[in-house]
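To keep things simple, chains are lettered A, B, C and D as they appear, and every chain counts its residues starting from 1.
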């Protein structure tokens, strides 16, 4: 056990699974870097250095740099998964899904069902998501709602270094296609992370803090924001549950419903575009299944319905923050049920 | 022609099975009993048969919407295929896939595909598995002239080349993508395209089983020996419309009939092997009878087989969830 | 005015706009059919005959058959739209979006914002959606929630022949990228449709029937199912509002909120996969904005979280129907608010 | 060389502007004041300049993540570009796009692009507009060696061919896609790929303005005359890393310095035109001074310019909604 970054936790997760299982391979654009050049091999280890060192340990047969052909190599990863390998394919930025989505949602996701249960496709696709990097509209999106919508995919969104290691090992051992979302502004986040491999099961939310007044569900990096807001609220005498669902498919609705049964108030924080996102998904299930427990409206804290702007001040306005969460929770505390006319 | 008598009978049996399967579906579809879209492979049999003759179960193929022929040639059970096309529970995919999604991975058949160009990337993956696990296997991507214009197909040519994968790209050019002529939709030529990516390629008469068989042998041997990908441009023709129900008015009147009369792969095969006295007509007639019976049984069985049950709707989405 | 099919209404809409505006062009796979062949030209008019006859009237310079390259030609349509044409591009089945989504959601949808308001992209993408055709997992999806999620796109889902004509003309005249969803099992539906061109504005829901007890919001073909259920419910003394939002982006939440304010009960019927779909989207907004008016949980009637099955009996179980809607509405009528413990 | 004195000065001014713009960004980026990803075009100037010299505002270009050079060559205002890169309200995109999305459609500049391979389909659309509305315009797709492996690029080659569009595909091959050599990622060759689609193609020395200029003239003339698409394989080199911050350890030590010393396009241009006595050194020096001043003003202005306001977050999503 020692302090490790989110980046290092990911690297360790992949390395330990590659050691354990010779069918695990890694592929992506510059996951090593230096292919065909006269300079250093493993020059990059991925665009932000996450897979650095893997090619040195496991060689170019198991760590494959790809051409700039996402449909080709993500499809190849799907085909390899269905025939005996366990590929961990990197799609650099999730924003690039638009050139290879078919291989994910019509092929890998549907093999098992279309083929009558005879296919097993242990595929992991890692990708960066999220705003805050000043990377503008085509490199800052969340997009996990699109994948959550698709039956046959699993969707994992780890919120800290500890979480990312356990969830990635689980993803690699899992027998279904997994889309694994890494937050690009969290790579240098640091916390205690065990050295040895461990898994965190899918579909079990993490109740990161407990309280009596408001339940806050937050996705990915928003878990930090939610806890920051909860700290502030606690000083004002308002205590919160903060739930990190960890995986949005499968989604642990039970934990959310249980907490709402206790608090009667729910705030959902989602960095994804506001239409048909995780906030609406969770809200709708609660409004259907726990209506009787609700003491107030369900509040959603999301970005506006716009692309991600480049200008730093606009981007900061775009992303949900602790202020907005705090305000939402307080509004619920102040809500008075009016008798229907 | 270094094929044994047994091999020749197998080749003929495969082509005959495909032909009869498709001709019967053509008839059955017209009755309205078969649901969904059905794309028939009649006329193109020599391609699937000539290529898959070289394969065993360690080898993989990826097919297309026009997949029945590839399935049969790769050894998928004909009874289970017919049941699948009727949407029955004992279909090869439990009735959940239908004609456009017939697959049997255990047989090395990675699926028909409802997405044109869906197969080539997948087959690169199967080839990567073969290369990584050193199975000795090769992987075949069947795709049409229309599919040759999909970015997925073109990217796969490059990927297979630079990773030196044991892939054979088989472009089955039947002259049409739906109602569009390949003379309109395909810039350049298939063989030059492959060469543009550094991949050896050859054009083959797809009506001639032996031409396909020989070209495939060379490409597959090269792939098995670590020589990387090849591409075969198989010139062929589909006797029926794009899908069942297509009036094929985009053809010249008599066009299909002429090809059927002059260049049919079964007729050609029979002519060659009997002339060369490798087989007698009665050997082939016996195969015909055998297959006629098989198809009859398959259709009877499929029609009578039970549908999936309500619970089947929810199963097979995930291994675990 | 005369009885027309949904198919004919679409054809008329395109033809009338092509007559009115020479910059309107049509492109897609076999939108004419017969290109380069020795047989009949205009052999298909689209895979289900919807664009038949257009090439005869407008010629091959304005009705362009494309190669099987959706990313190429949908991207070309976006580029043409940004430079002075008004392309109506057909993406045959919306299920094929996975090979060309980038050109839609990262390019066309974001031009205007990324380019600081200087781009105008009057692009229409027509596509078939929905189950019921026995076309199996890769030709039966809805997928409109994915497009609704994306800022910069407009999403139109017409529920009848009258609707489809007015909404398509509006789409062609609109100056933003529009994804236009045609239900493949409705092409032969027939109703009175005016001969002359007319438009139906975006973002104005159609209250197809009024009632006091339950509000039903239904999307696309589900409007018919909802009205069938409402007929049955009326015989049992339960009267319903049935709302057809017509466009999900922009979405007329006001009409929904108004109706819920009256009835206090809401059923949402959506044929799309249940996670992050239109049902959750609408539910969440109502749970946030009209909570005080709700007398009962919000019920969602959706398919299960599975791909679309091939077998006809399974597909019929998959698609929402009047029975399930009726049952949901009755459950809401019988709902008793329990005092929170 | 049939270029007038004025033309030569324009060519040099364009290349010098690009160079100084990029060199200055290299310095400014290191201070941490410039947000986001910045990809510099230093070293590749002759490509943008040699091609765009033939264009007017009726012609369109589509660019890449490495887009500053194309923007400048196509006439986008340098002050407004610099402001954009600093995220300012008076940037050419109001600060909403940044380096990766600089665009000005009115000038025929269809955008840098954060998606590799995003541009070629779009440019086919611009060419279709030109063809349909008979504007006489041509459309240029700039893309890298890496982008040449994207399905979108490959599909566009075919689309432009079969629709006979006035497109010139300009593959700017700087030897690398990020940290990957094109010798690894590109199967076959760029020119043979184009020929595979039936498109005439030529390889060009991208360090030589005149070579690019001449090759472009021929291709653009052909396109304007209705002769359809062409492709230029421009061999070039980027002096800096893939993006600012890249340590470029994948290069041989001294590699960039060597190219800069031996093959720099500005040095080469100066040498040729002064040797041929077409211009004098002092003419070129005057341009240098003029541009140094322009860039200085642009940076000063950008740093001082106001950011967008809170309301700007919500505008420009739709024309109407």
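Structural remarks
The working rule: a residue touches a chain if its C-beta (ideal position, glycine included) is under 8 Å from a C-beta of that chain, and two chains touch if they have at least 3 such contacts.
In this text the structure is predicted, and so the values were computed from the model without any measurement.
Taken together, chain C and chain D share the touching chains A, B. Compared with chain D, the chain whose C-alpha mean position is the greatest distance off is B.
The geometric centre of chain B is 36 Å away from that of chain C, both derived from CA atoms. Averaged C-alpha coordinates give centres for chain A and chain C that are 30 Å from one another.
Between chain A and chain B, the centres computed from C-alpha atoms are 40 Å apart.
In chain C, the positions touching at least two other chains are 67, 69, 71-72, 95-96, 98-99, 102-103, 106, 113-114, 136-138, 151-152, 305-307, 309-310. Residue positions of chain D touching 2 or more other chains, listed in rising order: 93, 95-97, 101, 113-115, 149-152, 155, 158, 162, 184-186, 317. Taken as a contact graph, the chains are fully connected, with every chain touching every other chain.
The touching residues of chain A, when paired with chain B in their complex, are 23, 25, 61-62, 64, 66-67, 69, 71-85, 87, 99, 102-103, 106-107, 111-120, 151-152, 154, 174-176, 203, 250.
Here chain D touches chain B in the complex through residues 149-152, 154-155, 157-158, 161-162, 184-189, 192-199, going by the rule given at the top.
On the side of chain A, the complex with chain C involves touching residues 71, 95-106, 109-110, 113-114, 136-138, 145-146, 148-152, 248-249, 251, 264, 272-273, 275-281, 283-289, 291-300, 304-307, 309-310, 337-338, 340. Considering their complex, residues 29-30, 33-41, 43-44, 47, 65, 67-69, 71-72, 95-96, 98-99, 133-139, 304-307, 309-314, 317-318 of chain C touch chain B. Note for the complex: chain B touches chain C at residues 35-37, 87-89, 93, 95-98, 100-101, 113-117, 146-147, 149-152, 176-186, 248-253, 255, 307-308, 310, 312-314, 317.
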